[in-house]
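Read through the structure below, which is laid out as structure tokens, and then see the notes.
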Amino acid sequence: MVGIAVVGYGYWGPNLARNFAETEGAAVVMCCDSDPRRLALAQKRFPALICATDFDDALRNPDVNAVAIATPVHTHYELAKRAIKAGKHVLVEKPLTARVDHAEELVTLAEKNGVVLMVDHVFVYSPPVLKMKELVTQGRLGNLFFIDSVRINLGLFQHDVNVVWDLAPHDLSIVDYLVERLPVSLSAYGGIHADHEIEDVAYLNLDYGAGLIANFHVNWLSPVKVRQMIIGGSERSLIYNDLDVDEKIKVYDRGIEVGEDLEQRRKTLISYRSGDVWAPNLATREPLSRMAEHFVTCVKTGQRPVSDGKSGLRIVKILDAAQRGIKSLNGRVNI
Amino acid sequence: MVGIAVVGYGYWGPNLARNFAETEGAAVVMCCDSDPRRLALAQKRFPALICATDFDDALRNPDVNAVAIATPVHTHYELAKRAIKAGKHVLVEKPLTARVDHAEELVTLAEKNGVVLMVDHVFVYSPPVLKMKELVTQGRLGNLFFIDSVRINLGLFQHDVNVVWDLAPHDLSIVDYLVERLPVSLSAYGGIHADHEIEDVAYLNLDYGAGLIANFHVNWLSPVKVRQMIIGGSERSLIYNDLDVDEKIKVYDRGIEVGEDLEQRRKTLISYRSGDVWAPNLATREPLSRMAEHFVTCVKTGQRPVSDGKSGLRIVKILDAAQRGIKSLNGRVNI
Amino acid sequence: MVGIAVVGYGYWGPNLARNFAETEGAAVVMCCDSDPRRLALAQKRFPALICATDFDDALRNPDVNAVAIATPVHTHYELAKRAIKAGKHVLVEKPLTARVDHAEELVTLAEKNGVVLMVDHVFVYSPPVLKMKELVTQGRLGNLFFIDSVRINLGLFQHDVNVVWDLAPHDLSIVDYLVERLPVSLSAYGGIHADHEIEDVAYLNLDYGAGLIANFHVNWLSPVKVRQMIIGGSERSLIYNDLDVDEKIKVYDRGIEVGEDLEQRRKTLISYRSGDVWAPNLATREPLSRMAEHFVTCVKTGQRPVSDGKSGLRIVKILDAAQRGIKSLNGRVNI
Amino acid sequence: MVGIAVVGYGYWGPNLARNFAETEGAAVVMCCDSDPRRLALAQKRFPALICATDFDDALRNPDVNAVAIATPVHTHYELAKRAIKAGKHVLVEKPLTARVDHAEELVTLAEKNGVVLMVDHVFVYSPPVLKMKELVTQGRLGNLFFIDSVRINLGLFQHDVNVVWDLAPHDLSIVDYLVERLPVSLSAYGGIHADHEIEDVAYLNLDYGAGLIANFHVNWLSPVKVRQMIIGGSERSLIYNDLDVDEKIKVYDRGIEVGEDLEQRRKTLISYRSGDVWAPNLATREPLSRMAEHFVTCVKTGQRPVSDGKSGLRIVKILDAAQRGIKSLNGRVNI
């Protein structure tokens, strides 16, 4: 039985608690939060839970094998570091940390201490993303040409992070899972409105090399909610619409046919192939449940998590570069 | 009666000919094309038309008051210049020219020679764009925060221009019409695939100053066709979906309420207003017909066209800057 | 404090229990179910609950002021009758009873005993239906011409009732609430497939008089889920799409303009008015919560419920007539 | 070369003329219309056309091998009869005639005179309907359970026919083509509004036997345009949405799994199968062009047309029965 302490019982903590409580082989034994009112809620929901305002109580508790950290981003590093040093396995909410060096340190520390470090990139455990991974791995899309990701809505402004740190980790972790490499470079820009001091609209343009470019639009000011990713490939393309109840993934067997003759190609004698559209049936299991189960399996078996510390580090590296890109005016062309 | 010579009877020329033929006060008297087979088509359609492979025939013909140029982009400058010098009024297909200095020269030359120079930015004569202009002018959207434009499809590759020069002029001219100013700066990036030497996917990020950023996605490789523009404002937002038969414009009375108290604002005590959605009824008149009528009116009255040479010049300036932005790697952040 | 016994803890009972538990002025004091395993679930969820397999325990309990019956349809009459006779207020799941005479008897009995008899026509407490009622009452739609209702999906087959008794009460109760009268007559037909003995597809055609016809399509075999009602009126029309997250109600300011001249009318000189579309913002409160609150208010104040026994009786009358219509072949035209 | 006379140059005649003019092996030699203004339009469009106000001119002209009749419905019988007697092949706009006995007479007469009699059921020549036919024929849907057809819009009122005769022939001819048999019986009802004397909303319920029921909703008062047909089968289901630009046909590999055990079936132990969705790529050829070509082929080869006189007769039989069903109140259940 893997004993788990949920750290932070705010927006996401209750979801972690519920899912770990329902995971075979796991037990939620403690909950930590600096706010006694939040702890009271947790206690009501889980009468047998040990509740504590002091994180050290969890670290000292021998029944706690692992901590699940769902606190504000800027606290992740300190809490995770102390947990790892105390020999606890660690699950951290995305993004892993607020700084690249902090993420690197956690990865190194976890390896040294032989504990699991996993980031809750929950989308990589969701049925549509698993299907996309399968299609990409099987080569069904051919060479990837472009990825266009849109995650916009009339949003909940975050107090501590901008729209990039709030929304982009989801999409960046999905693409990271699909292509399994860091982008080579990026440019980014954002807008600040509504009397804020943080970006509420932003675009990231990532160059993954080998002809693959990816664009990410994240936005807290959109009148409509969109959760969509278009992936264009040499063989097929797909659209992942997370808001479509029935057809989250649609595969398009259409594309560009390039003639064999080099001379012809120069002349752009290209035709278009229009083909079938296919929406594969997807499992309906809750991603968070699958994520929780995977964490417990990794703790028990020593298996490396799909969303391990290194993938968390890659996402933090991109977020950090995006931040610098937005602040910089280098490379913009005057008109 | 304004006598018109249609120059170039390829993809767009027949549309110009048909619309001018149906415009009161105008007559299509000549058609020029270097390809006799195209001229034969024109002749069959309009038996009374004078057809010529030599452009000078049109310039010499006293019945020709104006020329409508629908030839490849790189020929616009030369043809327009000669027409202006011959005292003809000129309508040019978008984009006005392939070079900024050429566009500037045409603008100056037309003023000097007292002829109308107009660019066929056809969308600024379309009912949904006219409605957007009305809403923006009346302040119904408040301050503009962001514009997100998407024009993607599985495209017809152009031989002579990339996807930016092919598709973006439409959206750039719409935004130009709405905000009536040049952007301050831009960054742009694009991708080349399918054995081409020209970009088939591109993103432009424009900073219009005063808090307004605009992003343009143009793409010839998308499995689906999208023609959409989201405009986010401080009072209201709107979505323009040109493919929606019934509700091309939807106005969202929802947004962000910022408290009065400065201290509160710092703490991001912001709430969201969810309101009605309204799809105004739009006229159904064909934009090209309205454009043709406007050109004829300007020729007759000396009125300055809405899409005059200067607006054409502004679009060419942006396209030129985008081209430089795509080719440059300055300002990209390494990861 | 209104003490409530939830009777039947199957599919819907837990929802009633949860909502009454959260309703001010109400307390869920007992739960009855013939299946001890269901009671165990209720006990776990509400530790203080008195659980009983014998319905009489609830009737004898002086802390129980009202019973909420969520058992199979064929048991409603007997349970409700005994509760009314014991002086308890009664909420019954839709449909009220399986027979018209039973429903009539319950209505009479409840009046005689001075207790509230209410049916859980939950949709009449939902924000979109309340908005429709407002629009109809204000005359915004003008005279109602037709109602077209579609409630189809790949369904959960019911053991004891056919698709009409399962799905149609929702839509019939919505229309009953809007027009506040019984239809004059109906025709109905249905199909039996999949080795069943009960209808899985059915259509009801109701004539409400005064020019209003209403058609209801209910279906357990549809590959897609649809929840839609079109209401056509002389002034405006509306579409209620319960699956649209953002725009459940859309009002169309379009219709038919009939000329004044009688002679003209004969000649059908009619024109079409195309107008704006408007999607009013709707409250987001859960209908079941509002229904529970309304029941508690009626119990406390003696107010007549919106979905009172008489409305329940009207729905049962229609269902009963539909059943006869489906079984009869009278009036079908041979071909 | 098949010489064709187009009879009636109103709404549909010009489409027939254009398509026959473009059909290989055919020539439009004459046009007849009682209105000289309509003839003038035809003459302008086709300078070589012989135009006549007298239908007999066409019958006397030896260059006319076939007539294409696009006049009001009540004139079809007389014109077609005279043409057949004159030895001309005949294409008639849908519906074939206004009376069943007239249609029967035409079918007999055409056989006796050895001429082709074809009805312009244009949808049976359209790519999506051809694909549906292929799927049904191959047994991909299994046994057909239900067909639900909706053809509604804010309509053009017809002067001479009601909404059933105007819109339903399209859908009835599609279903006739798919199932190749007459329905056994029908019930129908309709509503009259807007100061008319003809039905503007109607529903037809057809029983095709063997478990297949079909419902048709036709409506001139709907605020939105819908062109949709759902076909539910034992193996798969499909949705045909003629307004979907990209995915007119979607096949759903989902349905009901019935257990083998009879006892189990009684207990309705049924599970649902959720499967892939597939939108086959469809040809883009204009149906009317294919229809014209097919008529010319039949005239040349003596081949029986897909939409022959007998299929036209079947549709008229259904329309006639529907008319009687609407007018009758037999079989309606009073409430």
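Which chain is which? They are A, B, C and D, in the order written, and residues in each are numbered from 1.
Keep this in mind: contacts are C-beta pairs under 8 Å (C-beta built on N, C-alpha and C of every residue); 3 or more make two chains touch, one makes a residue touch a chain.
This one's a predicted model, so the numbers in the text were calculated from it and none came from an experiment.
S.K.: If you average the CA coordinates per chain, which chain's centre is most distant from that of chain D?
M.R.: A
S.K.: What's the call on chain C versus chain D, same or different interface residues, using the half cut on shared numbers?
M.R.: On the two sides of the chain D and chain C interface, the residue numbers are mostly the same, over half being shared.
S.K.: Any idea how many Å lie between the Cα centroids of chain C and chain D?
M.R.: Going by mean C-alpha positions, chain C sits 39 Å from chain D.
S.K.: What's the distance between the Cα centroids of chain A and chain D, rounded to whole Å?
M.R.: 53
S.K.: Can you work out the whole-Å distance between the CA centroids of chain B and chain D?
M.R.: Their C-alpha centroids are separated by 43 Å.
S.K.: If I count partner chains per residue in chain A, which residues reach a count of at least 2?
M.R.: 224, 246, 254, 274
S.K.: What does chain C use to touch chain B in their complex?
M.R.: Result: residues 246-247, 253-254, 274-281 of chain C touch chain B.
S.K.: Mind listing the chain D positions that touch chain C in their complex?
M.R.: Within the complex, chain D touches chain C at residues 145-146, 148, 152, 154-159, 182-197, 201, 203, 205, 207, 211-213, 215, 217, 219, 221-224, 230, 232, 234, 237-239, 252, 254-256, 258, 265-268, 270, 272, 274, 317-318, 321-322, 324-325, 328-335.
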